[in-house]
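Structure incoming, see below.
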Amino acid sequence: MPVDRKGSEVFVGKVALRSPLIIASGTWPHGPEYWRSPVTTGVGAACTKALTLHPRTGNPGIRVWETPCGLLNSIGLQNPGLEQFLMIDLPSLSSGDVEVVVNVAMETEEETGKVLAALSEKQHLLGAVELNISCPNVDGGGMAWGSDPVQAARAIRIARGNWKGPLWAKLTPQCGDISLVARAAEDAGADALVVANTWLGMAIDTNSGTPVFSRKYAGLSGPAVFPLSLRLVWEVSSAVGIPVIGCGGVSRVEDVLSMMLAGASAVEIGTFHFTDLSCFSRIEEGFLEYLSVKGYASAMELIGRGKRKVD
Amino acid sequence: MCTSGPDPTGLDQDVVLASRFSLGEKLFILTLETREMFSRVQPGQFVLLRTAAGLDPLLGRPFAICGQEGNRIEIIVAVAGRGTRLLADSALGVRLSLRGPLGNGFPESTKSRTHCLAGAVGIAPFLLARQQNGESEIHLGVPGQDWEPLVNWVSERIHGLHVYSEDGKLGNRGNPLLCLDGLDPRSDVVWACGPTGMLKAVSAVCGKRQIAAWVSLETRMACGMGGCHGCVVQTVDGPKKTCTDGPVFHSQEVLWNAS
Amino acid sequence: MPVDRKGSEVFVGKVALRSPLIIASGTWPHGPEYWRSPVTTGVGAACTKALTLHPRTGNPGIRVWETPCGLLNSIGLQNPGLEQFLMIDLPSLSSGDVEVVVNVAMETEEETGKVLAALSEKQHLLGAVELNISCPNVDGGGMAWGSDPVQAARAIRIARGNWKGPLWAKLTPQCGDISLVARAAEDAGADALVVANTWLGMAIDTNSGTPVFSRKYAGLSGPAVFPLSLRLVWEVSSAVGIPVIGCGGVSRVEDVLSMMLAGASAVEIGTFHFTDLSCFSRIEEGFLEYLSVKGYASAMELIGRGKRKVD
Amino acid sequence: MCTSGPDPTGLDQDVVLASRFSLGEKLFILTLETREMFSRVQPGQFVLLRTAAGLDPLLGRPFAICGQEGNRIEIIVAVAGRGTRLLADSALGVRLSLRGPLGNGFPESTKSRTHCLAGAVGIAPFLLARQQNGESEIHLGVPGQDWEPLVNWVSERIHGLHVYSEDGKLGNRGNPLLCLDGLDPRSDVVWACGPTGMLKAVSAVCGKRQIAAWVSLETRMACGMGGCHGCVVQTVDGPKKTCTDGPVFHSQEVLWNAS
């Protein structure tokens, strides 16, 4: 019996998603077949790999390392740069059936400005821009932008000045008080907040006796971090009025529900689809079943509902 | 991969561990019964495999396919760490999660003779090659006498196998590179699979002698389908992904000294 | 063949431990049989549950909740208070064969002062005091003490004034820059730093739709957090001159080795012994084997060695 | 608990899943073969059990022991979530990690008759009690007809079992509390195991009628040995640990309305 997937629609501000499940940045192939049915069953939107003005080759050495229920990565924003993205990637991604969210890695004011200005000309093809002020795997910029309210606000203002479409800011857990950063991003004009990018960790190869990654530290993702991300989602969504998108460790329908009950309007999944490609369609089905069993008329009713009885 | 419903990409499925044959404490041949039958697998293609119970280990481990018959495939598992230990210890009949087949195999050659050089479990793709086509010359090098069970098992399947060991106690003394001496660049082509050191040496010799050589590389992987950029190798054309651009590369394409 | 366990001795400052493995606070029964052989095989020291001046009943409701490779807890410092500890617990614990480390929960200046003054009279029975400025599960005090350098320094000075024996400060990951807190603790007179207590997380019961824990947030421990703790250990041990004790998610000999290569002098294990009581003896055996295979003459040679080739 | 070496506390060991008997999609009887033989288990004592492969699930799940013979013990597993699903799906012959036996069972009584009230899988300790001593009266309540396989299975083992179901389709209409009506405080004692709501009701009735009643509580657990304080219940004497002070408590000791 074909599943009626209608009831899972959500809105992130003005952006309508047919499902609250978003494929997280840097984890999904850019081949066009991955951006359309049947592969995208259950998926509402997909984020591109981080985009930078110029091509980047990424980090040398080992780039991924498994940890208990988690994954450390140090990819380092490998991407072919704006020109190739516009020419080759974007046309094929946007021919699919999910909203395309372009993850733009915050670099210098000038570089980011150029990238966003160029994307503005393609705004009709894009669901949103996700401004990555949280990459832990590069020097200069990256996570530094998201690590305090002042820097974060500066980054958002630069972006806001160059991109009029929906602007999501992807925050990092590596900041003092994330509520302050979140409020600063809201005030500077972000339309939604993605909470959050990876958690700074490291690994040592005991055989060689040295750090596994060339940059020593790397970003932790996957089910291991879910309880930590959920706490951030609760905290941020209590602090701001704009929509929050949960991200970090989601692997089960209960995780999606928890994130939404905690205040998220949608949820990104990255690492777990490395383990199970059918997770999107399966989780969406579980999501619909929950709504129906619990008597919710729409997915939107779930958002923040976990708070009403407590906060 | 711990799915019950169908996977819309068709890449992931549950498989059943149908048989296990031990070639020593740390070496096993596993037969997996797939639900969906694979189309013809190319030698060098691989699968990601994980134990389906629980979220740890989280990621599939890559294994080259060494045999295919109906809806059964065969792999060789050398116990290297935790993931391979768990796989090797899995009870028969257990469901495992499989992603694949993945990657590009060794390219069909127009030249007259293919010489396959394997280091230990690097023999896997060449078992499949021989199963599909009886023509290539296959050279297997092993570290020493501990590997006798593997050598015997492979010998039964590969008629005319050339064996090498460093101490000469199994087959010829030395390693499979010895066979490169007699090759003719006009008519011979080399396929190699094994430890990176061996592949690098194959590349050096074949580069110098202008023999066309393809090598199957090993890198750490997360997604296996080109999404994560975790598995890149540096090549003359920039970074490439082992999982989707490889794992088989032309030996002269790889920048062996980039890390 | 009986294992020769001699080679695993380490020093945390002046405190000699026959093994680098320490049982983490709040996880081990106070029954005397758990503080002596054969149960303590492989164990160098054990930390008591957090001690407070007055008895505490702890938090109501659900207190433990499993997450992927991790455990959330919200115990809330349940303990019988100083008087009973001195009368009943301490005599039996100190009759065992491991160093007894008393975990003292930082409360008000006055309360902590009294506890430490009383412990000073029993100093001969104690290996060290571990000052807990990092408990996430109580209001007022707890983690607040460890969340910034100024508070942390104040706490350590109070403790230092009342306790002359070895003083370990147990830090929290929930602080801006942990190096700053670590340096402040060092300057204020701590003899060693325990890095670190649990990571703030949360869980939602999707059936009821509300947070699982009565205090909403809880502390995450277990293998899931290991890569995060390892990063903190590397960072802190690069910032201070006093010994560091690694803590958070250790479950395998490789984890112990990694922590020590990253600069830890010893390592605490809590959650994982819930899974496997034989972990201490098994890990110590693996540790000794590693030393012998790699040709280390003593466990101390390992400490910080992972850094020499990189930093 | 995923140990190979001996555990110095003697509490943890690997066991082998020797048999599984299904009483429906979500209900299984598992037989476990222990390495070290348990001394005589008291009814109400339990074990923590986990699948030994991988670190997820991380913690053992508590199950009351319902049978003991030689170095085999028996448990009833109702699938409630992920951990119990994995246990129920484990392949025969697989190694599981076990901690136990843990806790204190129901106290031997000096009174003449013991009445055991079970809610569904709460029957477990009373199966063991009957195995050890044929004397008690045993009352089993189930939600409805789905539970017929359990009722039948238990009936074979417990001669004279009294059965209750809400709709009366199995045994008597109602629940085991009905049996309390006829009890005499001077000669009768009650043991109860089942959902908290039922235990609370048993406590209320027995309190009022001054019948001595012991109840076996369920709480979430981490260590099972008194270390973590994760499993406390509030009692008239302050917080107590379900794992080491219980799981069996005197019904009047428990503060049923404290959370």
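The letters A, B, C and D name the chains in turn, as written, and every chain counts its residues from 1.
Heads up, the rule we're going with is that contacts are C-beta pairs under 8 Å (C-beta built on N, C-alpha and C of every residue); 3 or more make two chains touch, one makes a residue touch a chain.
Quick caveat, the model's predicted, so the values are computed rather than measured.
Visitor: What's the overlap between the neighbours of chain A and those of chain B?
Guide: Looking at chain B and chain A together, the chains touching each of them are C, D.
Visitor: Which pair wins on C-beta contacts, A-D or C-D?
Guide: Per the contact counts, C-D leads.
Visitor: Based on the averaged CA atom positions, which chain is farthest from chain D?
Guide: B
Visitor: I'd like to verify one number: the distance from the centre of chain B to the centre of chain D, where each centre is the average of its C-alpha atoms, in whole angstrom.
Guide: Computed from C-alpha means, the inter-chain centre distance equals 50 Å.
Visitor: CA centre of chain B versus CA centre of chain C: separation in Å?
Guide: So the centre of chain B lies 45 Å away from the centre of chain C.
Visitor: Using mean CA coordinates as chain centres, what's the chain C-chain D distance in Å?
Guide: Centres of chain C and chain D (C-alpha means) sit 35 Å apart.
Visitor: What parts of chain D, by residue number, touch at least two of the other chains?
Guide: 55-57 - these are the residues of chain D that touch more than one other chain.
Visitor: Which chain C residues sit where two or more other chains touch them?
Guide: Only 68-70, 222-223, 251 qualify.
Visitor: Can you tell me, using the touch rule above, whether these chains form a line, ring, star, complete graph or other shape?
Guide: Per interface graph, the chains form a complete graph.
Visitor: Can you check the complex and tell me which residues of chain C touch chain D?
Guide: By the definition above, chain C touches chain D via 26-29, 31, 34, 37-42, 49, 57-58, 60-66, 68-71, 73, 75, 78, 214, 222-223, 251, 271, 273-282, 285.
Visitor: Within the complex, which stretch of chain B touches chain C?
Guide: 55-56
Visitor: State the interface residues of chain A toward chain C in the complex, per the touch definition above.
Guide: Contacts found on chain A: 67-70, 72, 176, 199-204, 206, 209-211, 216-218, 220, 222-228, 230-231, 234, 249, 251, 254, 257-258, 261-262, 290, 294, 305-306, 309-310.
Visitor: Could you pull out which chain C residues touch chain B in their complex?
Guide: 68-69, 223
Visitor: Please output the residues of chain D touching chain C within their complex, sorted ascending.
Guide: 1-9, 11-12, 50, 55-60, 83, 97, 99, 220-232, 234, 238-239, 244, 258-259
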